[in-house]
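Input: structures, listed below.
Each of the next two complexes has subunit A plus one other chain: subunit B in the first, subunit C in the second.
For the complex of A and B:
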């Protein structure tokens, strides 16, 4: 069900990620202002963009769950948010390393872009505890979907608020300045973004396939259990347990 | 701040890309552990099914199962 086309997708992802990183180091020129350290840009920015897009995708699937009641959408939403959190951790750490190299500080609290991203990250860090705190599966899925929709809508609003609020910021604005990027840099950046998006989709499908297999196994176990209560016991989990 | 020379910038760039690599490797490791658990559960269920129906032969392969991986029963 969820594992279709994974082999092709995996090969394509590996090729694209290696190709993109090869372009970063062997094709894209060094930045005139920042020098070699600007190479972090090709990793940090795609990580952040794909993580935010993944949060929004989690909201879209949450909305689809609320409309249809299909547990597969709840699973898709859960996995998208889970993966986006991992990428967001990567974006925060790589951004921190870049900040240290460029600005001399690991973190700058008066920089709205950084703080806004941290707020989004902390907001979504509540998603799994929220799910885990609700025992009833249907309520868990419904509340998590509402959370995913509201938080998913907050992501672009937060992003735009930061843009409109600040006239002068330290943090570079990639989407504003991409037109002025040299061709080699722009091409490399776009390829890195595509590679990161593809990596997200591939890992998303892997985790969906794994979770689906676990759920099917549990259903089989239930069918075989008969009177054996020990086999029917389902551990409490934040992840969806039914399809 | 002025641009860092290559010698100083190199460790930062390497650290950033290593963080990414580590994240992916940890994720793949967790997925591998989950896969092992699924494999173990499949074995348990297969044993359970065999105990429940001792005289039942293995189910015939599906029509579209032509490319399946070899299983233990094929080897015997």
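For the complex of A and C:
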């Protein structure tokens, strides 16, 4: 169900990720001001952008779950948010490293993009605890979907509010200023972004296939055992357990 | 629709009048927090940024208390079941609960804001009262909408008291930013400055976006 086209996608992702890293290290020039440190941007910015897109995608699948009641959409929403959380941790860590190297501090409060990202991260960190604390499967899926939709709408509003709050924008605006970026850098950056997006989709599909397989396996086991006691043996979990 | 909303609001306000569960608690909490800020900041008066921050953090934490309790009676005493059995539009519950929360917030602010002015605020707030009321009103609508959504979301969770604050506080950060920024020029020691209009715009936009989101998805929180 979820495994279709995985092989091709995996190969494409590996090629693109290797290609992107090769460009970062051998093709893109060192930044005139910041030197080698600037290259962390080719990792940090795609991580952050793809994580935010993943959060919003989680909201879209949440909405589709609410409209259709199809558990597969719940699983898609759950895995998208789960993966985005992991990428968000990566983006916070790489951003912190860069801030330390460039501004001399691990964390800077007068930096709207950083702060907005942290708020979004804190909000989504509640997603799993919320799921875990609702035992009824159907209700868990429905409430998690409502959370995903609200939080998905919150992402752009929050970024706007935080950006308004700081008059002096010091965060490098990669996409806005791509015309001022030299061609080699812009090309490398776009390829990195594409590689990260593809990596996300591939991991998402793998996780979906794996979750789907374990759910099917449990269903078959239950059928083989044929008694209802096995049904009760499903442990409480934040992840969707039925399809 | 209007009759249903009216009935629920009347019921909730009557319960609140008879039990005094939410509003007195929130008022006491706000007063304690002001005293706490007095000692924690070690200041007799605050103004500007600091005044706006103290006021808004206190009001929001007080709001969290009410948000956690908003749907508890409905769940524990079968209010949800009765409402779902009745042939009425489910959005009525959203509108009614948001209105009830709004009433609670206004009632708390009627006491807490004057108390803040007396206990902590340096400059007089009389001259800027209309502007202050505008900011409070816009922010309250946002808090009421988000509070109703998260209250309904959290009431079914096992660890309700833990889940509600950690979800609602990040969601309300844009309200804090906009409301505090809008309030701080009003409370300057050197004389009030003009109300920054764009922060009112941000608050209004927040209310609009989450009003629409709440309308679109609240029904799903009531299904059984």
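We adopt the following convention: the second predicted complex is superposed on the first by the 232 of 243 C-alpha atoms of A that agree within 3 Å, B and C clash if a C-alpha of one lies under 4 Å from a C-alpha of the other, contacts with A are read in each partner's own complex, and residues count from 1 in each chain.
Simple rule for what comes next: contacts are C-beta pairs under 8 Å (C-beta built on N, C-alpha and C of every residue); 3 or more make two chains touch, one makes a residue touch a chain.
Remember, it's a predicted structure, so these values are computed and weren't measured experimentally.
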First (subunit B), second (subunit C), both or neither touched by A:43: first
First (subunit B), second (subunit C), both or neither touched by A:157: second
Partner chain(s) touched by A:203 [first = subunit B, second = subunit C, both, neither]: first
First, second, both or neither for A:220, with subunit B first and subunit C second: first
First, second, both or neither for A:90, with subunit B first and subunit C second: first
Contacting residues of subunit A [partner subunit C, same complex]: 63, 66, 119-120, 122-123, 126, 129-130, 133-136, 139, 142-143, 145-147, 149-151, 153-154, 157-158, 160-162, 164-165
Subunit A residues touching subunit B - in the complex, by the definition given at the top: 21, 31, 33-37, 39-40, 43-44, 47, 86, 89-90, 93-94, 97-98, 100-104, 199, 203, 206-207, 210, 213-214, 217, 220-221, 224, 226, 231
Residue numbers on subunit B that touch subunit A, as the complex places them: 1, 3-6, 8-10, 12-13, 15-17, 19-20, 23-24, 27, 31, 34-35, 38, 41-42, 45, 48-49, 52
Contact footprint of subunit A on subunit C as seen in their complex: 149, 153-154, 156-159, 162-163, 166-167, 170-171, 173-174, 177-178, 181, 198-199, 202, 205-206, 209-210, 213, 216-217, 220-221, 223
